[in-house]
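Letters A, B, C and D mark the chains in the order given here, with residues in each chain numbered from 1 onward.
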């Protein structure tokens, strides 16, 4: 199956974060067949460091769907409960550096457009799973990873090639559990990538900047219900606590040190007009240009949540359901990516860094590699997009896929050969 | 089918407000078979004055359920869309006053207890419709109405007997549409009733007092969504508007003129942590000891809703989804009820008025009858209850059912005969 | 000086709570000259149980004013710092019960009307101290107390007569410090009184009901100031904490057990538009028909204050600046008062209890006497008032003054003679 | 009097915005004595475009103080009510461009440090007007203006020299009224300046950037007072409206287009704990990196104020009490300033633009000149400061004063001679 077919098969079978059973099963099988040593599930993830797991019923339904779709049961069992990460290594013929590439596999909870002009409809590869859609290009990322794996299996090199397939990038939920398992602790060079964003086809950026550190939280307020007419004073009103938290979180100060964001995106509570509401659930996020400011901001948000609850006699449980850090790409590696790209005819415009202005949990991989003395970058590969990322009509120009495989081969060969001492 | 069997059949087939298709169908058939002239649907209700209709899908499912259960299709069609009120009249042999009795038919959205000691379980008549339950005794009310109708069909009297079977009492949603259709405009004497409350078995109250006027509202806030990191200023945040409304509604002043209540019982809004929420829905109520104070309070609540929306650039649609008024029972009729009860051996304790301390939309019937010169009361018939009203273990002592039929026959015979000029 | 002259002298020299130096000095001298044993200052008050002391500069200014006005310096020194309570006893010729009468002496911070038709202007006894005014009748209370003291000094009786002159009744600030010093611990019968309220001239009520328990608090929020443009995140915003407390205090639930009240009456904070405000001061009160509910409510208010502060990184100091309890007047004593009044020709209408619907710290005296087995009441003496209490045009009809002295003599003679075992 | 004596005299007599009577009187007299044609008062200001006038009592007190200090009464009368702006022109011997310099004269409401090491104390020129202080260097600006005026009176040149002495720069209150009177409508080159900021002595910046547009507002809420226990529902609570406005203003969204600020710096309302507060006053500001965003933000703030008031039945009057715009300095003029400075030995470090990161109403002059085709800049003259601007220990190194006069002479001679066509 060529890279285009592969990407279209993945596009037709989108799986949201921590339910990528069919996708990850396929990744395992392809990598094995190309001679890689493959690990997955609890061998490459710390289960409790995953963030924002879907309800177990949703995970189980996706599991069954993958099984019915023919996935290998032994592999599936190793991923049961949402342990859908995969790591593969290929050893070269001589000692040398470890060079890793990281790809994300998850789709979004979006209903794909039924417009007949939307290319996946016109060409018969639109989502078969209603309510899930590859609207951010991760189908392309995974396809690149597999085609690149195959290409490298035919190459001779020194050192170790490591391929990381991460679940649940959306919402910043999957990277931390792989990083904490140590999957990049031996990595000398790490290349992360993203298709599109707002770079045009034929452009490439060696790195990215302006990552926003981000934390996503779920807060659950618990009070006491009571009849709103008969005994309102016996209640402890969860919505009063939640509403005052919401206002005060938005009222947190602007920071002079750079841009920040806060948003309470979801609030749900109560059951009936004549009952003092005893529960309320809030989903929210904060972001900042600096990791430290984001931590400060998160701490202030948590303080407001807890005291807003306490002041109405409520308890408040707070869970981190997503996270991303900031990162600075290494100059040496950005240059190496661009130098490699200049040898690929396809690429004609070259940029040192492109501003992301958003959040990415690849930053946890990047920071870990750098902390241990390695180099890392986050390269952006321009492509024409039919609509903005996360839009029901999102689509990519597939020309970028084989070009990226070519580029990654070149990067791999440079880092694995010339850089080995 | 005797009154106990009848009540148990109704208990096993509970239908929430405006979905009483099976119940109302049965009421129509029973009344017709006893010689009553029966009207229903749009002939006895102004459709647009109904409050808080369930979603049409829920109404349609109940409709199909009743059809599958063998309900008469012609009758069902006349009630399509939730027009489940029924009015029956029986003319006496001579001219005379019109005497009406009003019964409510709806169940509650409560999952009935599965405790084996709960009588409906022990005796095999627990709810067959999961999530719906007669937890307020309206099954008993309807059974009394039908047994009383049958008993009266064998009697001779002057004047007109009128029986009103009202849907959707819970939440104050059904009475107004029947009153506005004029179904009590010709009524000289109106008897409304309720089983239980906190009167013990063998006690009876001729009337009730301390009705709380009440209004239930649904407010929908509409704003503009936007990416919470990329362009928060482009959003118009529906949850900010809703949260500030919630706090300010609860902060409305206490009234020196008597007790008031406000409660925002439900708030739901937003979709994801990284999206500025563009919609929020709020369900709330206000109450007061006086109708006028409740109107003042409702006006203040609406003012807060609208300005809370406007201050964040939102629109706010407000719908009244339930209403109840206050009422004062007529002394003459309270005495008549008690005098009649004293002839029934079953009743041993007699009370002029029992405080309700809650809301009832029978008050709209009572006020209308009184406005046009008639007399009305709301009598309470004591019975042992297994758990509080609206509790999953609620049950009544069925002894009160035949005793009430006897009482109503006596009241009817007095008012229809001796009171005719 | 007769009682009318006395009252007019007091009216012309009004002194607000804890600054009644001139008034109390005069009370001491008059009582001594009538043979009473007189205590004052720290001998009759626990200094730290006084509530809501004015600033020491204000106390000192009033002190100097009294000194310049000729007050006795030795007496003044015993009252320095606002210890302006006075207690006097007169022993009878035989053992017997202790019968106490309590009078309050303080004025209000109100600018008296300059309207020429206002009687104190027309008759030349309007306030000489601008911004202070006897607008609640306490000048009359004190005058009654002194005239009554003189009358009793000529009588023979058994037991002990005790006269209590309390400072700072307004705001519920003075009683507690005298009660806690034990000044009524030996009292068998206690008569408290108030002129006017809404009883007409010639009417008298033996007791009062519907006292509202009340607590008045001052909360001071302390944060950190910062330049609002240069470094807003370095501030800790006292007004954000105070504003969220204000909203949430008003949003506390209504109580089904009876009427409650909350009010944040004053909020002041911040210095300039471009400075994050580091301080805010809030003055507020809560009230309830029951002492226990008021305590519950006060606790909820304090919880909200503390957590509203904590959630914005502030501290909050809370001080009780006023208090009143509820009380129930003794039936026996109410009857005795009315029986006595029936012998005074002046009184023609008699009422068992008059509802106060307000707060009074005489309740602390009443509760203490009752706890120790004595009897107490709070009698209301009707008089025509020119404008409502606390209004700049308030004035009383002075006819009530000598009539009340006559009544109190009769009550004293009954309780001191016939009631002694 | 040399420039140092002059500055020290001004420092000892600080006058806050719109009360600069003594200062402006002195400016008029000095300029006249040097042959300038001088206008002031309503001839150079539109009275109603002044922002944030102090209370008239404060203005009048300052007026009397200046009169007692020997100011010319005719001049004073032309400035009565706070019309303290002055404009002077000196015509050259031939036609040519109009070159203007703008100086601000106002002090701050700060109590100057009494520390003996504070130079103005050590040298006997500390503020004689308690509570007012030159803590921002405007005394230096005015002294420079007068010494420069004198120097230029001895020079020959073509064109017109125009000197603008502006009142009330602090808070952005004075510039607009002079701009709207047209005082810079004929200006070809405009030089504004500021001492210190954070540039060291011997440094100079040709221009400034990062001006924050700013609006300062005063909002007055008016409701209805009522007794908080007797009739809370009759009140319309001004503090409830103000507190909800405060929270919601701080909760306005961050803007993706650049930094913004909001701050409610002052809130004051209410009179007593037992009175529903009927008035509240709020002083607040908003700022943004762009003039348009600040206008958007101001509009949102106003919307929140009005709807927060309306939702509690209040009215809200909003007054603009201060304003500043953004501005971009002209490249040509920045270069000219630096080129001139390079000829003055005193200056050794040269900077094209220094970021202000604050607000300045000189921006209104700059924008007006540029709109009409002229060039303008805002130059910063480094000096050692003893403490930050607006601090009670602020002081400048006076060496910068004569150096700046030298620089301005050079700039004036270049622009007035060589630039005339």
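Observations, loosely collected:
Simple rule for what comes next: a contact is a pair of C-beta atoms (placed from the backbone, for glycine too) under 8 Å apart; a residue touches a chain by one contact, two chains touch by 3 or more.
To keep track of the chains, here are their UniProt names: A, B, C, D = Amidohydrolase.
Predicted model only: the values in this text are computed from it and were never measured.
Taken together, chain C (Amidohydrolase) and chain D (Amidohydrolase) share the touching chains A, B. Taking each chain's centre as the mean of its C-alpha atoms, chain A (Amidohydrolase) lies 51 Å from chain D (Amidohydrolase).
Between chain B (Amidohydrolase) and chain D (Amidohydrolase), the centres computed from C-alpha atoms are 68 Å apart. For chain B (Amidohydrolase), residues that reach two or more other chains under the stated contact definition are 229-230, 232, 237, 240, 244, 247-248, 250-251, 253-254, 256, 261, 276.
Chain contacts in this assembly form a complete graph, since each chain touches every other chain. Residues 247-248, 250-251, 253-254, 256, 259-262 of chain D (Amidohydrolase) are the ones that touch chain A (Amidohydrolase) when the two sit in their complex. The residues of chain C (Amidohydrolase) lying in touch with chain D (Amidohydrolase) in their complex are 171, 212, 214, 216-217, 228-230, 232, 237, 239-240, 242-244, 246-247, 250, 261, 263-277, 280, 283-285, 287, 321-322, 357-359.
Chain contact summary for the complex, chain B (Amidohydrolase) toward chain D (Amidohydrolase): residues 229-233, 235, 237, 240, 244, 247-248, 251, 253-257, 276, 296, 300, 303-304, 306-308, 310-313.
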